[in-house]
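Each structure below is given as structure tokens.
Shared chain: chain A. Partners: chain B in the first complex, chain C in the second.
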Partner chain A sequence: MTKSADRTPKIDVRVTQIVDVTSEIKRFRFEPTDGKPLPVFAGGAHVVVEMEDGDTLRRNPYSLMSSPGATDAYNISVRRDPGGRGGSMFMHDRVTVGSLLRLSHPVNLFPIDRRARKHLLFAGGIGITPTLAMMSELARYGDAFELNYAVRSENDGAYLDQLRNTYGKRVSIYRDDQGEQIPLTTLLAAQPLGTHLYVCGPGGMMNWVLSTAEGLGWPAQNLHSERFLAPPSGSPYEVRLAASDLSIKVGPHQSMLEAIEAAGVDAPYLCRGGACGQCETRVISFDGTLLHNDHYLTDDEHAGGQKVMPCVSRFEGRELVLDR
Partner chain B sequence: MTIEFNTETFRGDFTYHNSAEAIARFPFPFPEDKYMYSVNIEPHVSFRPGSVYEHPFDVDEHYVSEVADRALVLNEDPLRSQSLPHMNLAGWDLLELLMTNLSESYPQWFELHQDGDRWHWINRPLGIDDTFTFLDNTTLPYGPMEYIMRQTQGDYALLDQRDDNLWMDAGVITTQADWSLDFDIGMNFMEWHGPVPLAHELGVFERALKFLLNLRQGQPVRRLNWTMTVHPRLDTSPENYAKWGVDRATVTPENAGEYMYLRVELQSLWRLPRSNAIVFPIRCYLISLQDLVTIPKWGRRLHRVLRDLPDELADYKGLTMTRPSVLQYLSQFDDGAQTSAGTFPD
Partner chain C sequence: MLVEGIKSRPIYSPLVARTGTLHLFMADGEGAQAILDLATTASPGFFERAHICYIPRAAAGRGFESALQALNPAAFYVGPTVAAALPRLAVELANAHMGTQIYLAGTEGMIGQAMVVALAAGVDQASIQREHRGSEARRVQCVHCKGITEDVTTQPAKCAHCGLMLLVRDHYSRRIGAFQGVCVDAEMPGTAPDPEEAFR
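Showing the complex of A and B:
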């Protein structure tokens, strides 16, 4: 089983089903290996899937698309992306039924806004996955919603029949190869006051939907878009711990703090999120760039290069020496 | 663990009392001999069996009497429990969080049986045996938040997250250190912390807010806060200031050990799965100074902390009038000896 490099709680799962949804998209069903219920999640949430690819620990975020109430299994859909960092190719080519993977707990950076009088959803391509869970939830609570879903073609579109059968007129599908386009301006102009808009899809589509809505005077608070928080990762680098007389390597998906701990050096910490200041560490010298990701140090301190918060910050360059 | 639940009051004749076990497990908040604000947040993980940190939600000997006091407050003033319409789902999240955790931590007292949406809840100390439909408000005698809060020690605020801020949009607040849900409802994080002195200049709230906006499901955090109260009164609310404010004038060096209580709040913060709201439990622990000084380290340290506390902080915590008497009382127990690091007794 994959050895996690960090201390956040994880869920061990077994792949119990893989379905070819389209020629490019596969759906994976994950069930917990310990048989306990999975954490409840809400529409819009994602998990980070950890994949052990040789010596590389890959971590990719994927939206949960199953029904939010279901705690026996999670479903995700993955589109094959030959130009990506390799996670989707690993999922498509190496993961089989029975494979063991490790998940983060669900994280929701794309939540439903409960103040909305109506929910207007836009999806493009694989961006349909979070909206599937959102609609399942909205339908359960009896909330007003509609989906506008753009796909390349009938064959390339994922879950088209399922959507038509389940939600009927609340779903409109637009196929590029048929010359169909979302009548965005007309749609946005016709919405009742209090409507909230959600969009998930290719960058160009998200920008088009959001900027059109802004141009029509929609309040910024009513516009929601999916943004994945990339796991705090980067290139590997070395750190010299002067007080401990040790040189350590920080892996691509490991924090400096985790690497310090892995070397057996007792370092202070509290929040592990760059806010509390407990792990503040003095920088003795460096030749390169400190990548500050914390909320604790001031802009001047970031520029000064005298301190670093190893729980979230990274380094690029030749040498970093810490007073630890 | 077996506990006898105390029969006691938090008003009137103030029969509240701590057993020897309760004194030993009191969450003394000062790890060193001085105090200043900090973002003292740490992961809310279990440690030290028997301590208040063993279980996610601590239930102690005061449980039954505290819940009875809450019912009195809610009956007198229904506005202590408020939930804006968009927070109903967060209320169900909270009910689920408490029922699942309490039944796991204390199976001798609490049982939860789930058959799909049909839930059966047994609370033995309070004699409750209810069956209801999850997410259906009509199957409970109160809204989901108030229903479970009437069976819970400590105040709970539900914070909605939107527009890169947190909004106090629901809660049940009956054991508070002089703040009002009715006043704060609908305010955002920076607004409701407006009155706190010094901390804004230190940037404490900006950092804390950024941290909380990133709070993750399954990774709750906690911190301790503290103040002092005359008598073991849970409901020190602005609404009832006339009933308790005057008590401060009755404190003398002779009675301070009996009258004055250190009031510690074990606060935790949890991301809720369905609503994406944050729940903020504020669990209040009270200990009289005469009980506290039975732990010599605590008596020495509290004397030093209060003696050196900046005036602005003493004033904000409402200690200005009582501090001289308290210091005179505590000085008897401070022989100047060095104290060990950390909060636990030696």
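Showing the complex of A and C:
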């Protein structure tokens, strides 16, 4: 079976350091095997890490957290998620110093808007990773910024001391177990004109931050967020790929995109998390229910049944035919 | 109607009440009517968080001041000229926060100048609404002496600063909020056609 029909350029890396950041989070350092400088990236970018787990090729997006100027190595942080589909467990349990992995080139779906007079950052839990790269970039530019970081507890919070030591007053940390809460409304109402807001964290937190800002009259252009959805599991089903003249099976813990790739069909993607729109695929016909899980298509498009985002969406029913 | 299809020119559309923590209105002349129209659909309490700055100009004596005052805005100011009102706007913006909405209604000259002040204060373009009402008189900058002539209604028009006869072009500078005026009889001074009313 073809492991990867993906023809986008890749970077071969070696894992040169693994650090336990908290009991659940590990940091990985990747260095290029060919010793050439890595592509530069901007704060907010992610790479897709490919993991060969037996017969399964896993591809998970992780935000780059290292300083954007550094081209000798990339750093990512991975939170172990025993309830997930296995990518994070593979990184935690199977990857060791010396392991060889393959990365996509960095892609930035969460860039800093340099027109802002001030950058107001919000992070929750592991959502801190893109924020770290953004802050080192903002500090280098000398731009005004401020971070509000919500964590479960002092012990569960990643990079708390590093943040306090490097950025001092510009960082506010809120520990849930201490009953500390981001005073969101007061905070938003006190921001100077021209402030841009960035949020990365759990879905509930992102909705809360974004909808509160909208309700106070912040323009949509000033609100930036990044949310990678993990592809949800579900019942297995079949898909007909009309252009390739193939019928494929999608397993319960596999995404439609992964099944297409496993069949050797080249399919576009960038985020693999239902956010970027790159994997959009035309639906030729279907008899059943499309389970749209992306937040890229509009509600009308979801209802229309003409398009699907195979990186996160599923299908239940008799037949689904895609133009792929 | 204003000349359509001038790319450099701002897009105007009717003011609508938006969500926000502070609503700053600036209007001149018949622009008052745009605020009164918005008031018919605004939610109750909307004007409790509104500041209105009004310059009556040619519309003085038509009852706009009292109609605006009757909306009970949190602050109300009537100014003699746009030039006098702009520094007030700058001060208000210096103390404003995200969530502030800006509403500009009236002549292009006022809207253009208020835009320059608002953008300099860091207001995001998406928070500014503009509705043109009343006179189509243009604010013109002479490309030769850089002087600005207000309320230009004729074509050509005499520069109030250097006295050259200017062809008022459709080229609009957002940076200064004015149309460009270029000398019409540079080759043979004194041969300019007689000014005719062009912008009412």
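Throughout what follows, the second predicted complex is superposed on the first by the 222 of 324 C-alpha atoms of A that agree within 3 Å, B and C clash if a C-alpha of one lies under 4 Å from a C-alpha of the other, contacts with A are read in each partner's own complex, and residues count from 1 in each chain.
Just so we're on the same page, a residue touches a chain if its C-beta (ideal position, glycine included) is under 8 Å from a C-beta of that chain, and two chains touch if they have at least 3 such contacts.
This one's a predicted model, so the numbers in the text were calculated from it and none came from an experiment.
S.K.: So, does A:E154 touch the first partner chain B, the second partner chain C, both, or neither?
M.R.: neither
S.K.: For A:R272, using the defined touch cut-off, is the partner it touches chain B, chain C, both, or neither? Pick first, second, both or neither.
M.R.: Once the two structures are laid over each other on A, A:R272 reaches chain B alone.
S.K.: Could you tell me if A:D323 is touching chain B, chain C, both of them or neither one (first, second, both, neither)?
M.R.: neither
S.K.: Considering only the touch criterion stated at the top, classify A:L216 as touching first (chain B), second (chain C), both, or neither.
M.R.: second
S.K.: Touching A:T195 in the superposition: chain B (first), chain C (second), both, neither?
M.R.: A:T195 sits against chain C, while chain B stays out of touch.
S.K.: With the two complexes superposed on chain A, say which partner A:P111 touches: chain B (first), chain C (second), both, or neither.
M.R.: Once the two structures are laid over each other on A, A:P111 reaches chain B alone.
S.K.: Hey, is it chain B or chain C that touches more of chain A?
M.R.: More residues of chain A are touched by B.
S.K.: Return the residues of chain A at which the contacts from chain B and from chain C coincide.
M.R.: Chain A residues touching both partners: 221.
S.K.: Under the touch definition given earlier, write down the residues of chain A that touch chain B in their complex.
M.R.: Spelled out, the residues of chain A in touch with chain B are 8-9, 39-42, 45, 68, 105-108, 111-115, 141, 221, 270-277, 295-296.
S.K.: Across the complex, what residues on chain A touch chain C?
M.R.: Interface residues on the chain A side: 117, 188-195, 214-222.
S.K.: Enumerate the contact residues on chain C facing chain A in the complex.
M.R.: Going through chain C, the ones touching chain A are 18-21, 93, 96-101, 121-124, 126-127.
S.K.: Report the residues of chain B in contact with chain A in the complex, numbered from low to high.
M.R.: 38-43, 86-87, 89, 96, 135, 160-163, 206-208, 210-211, 214, 216-219, 221, 273-276
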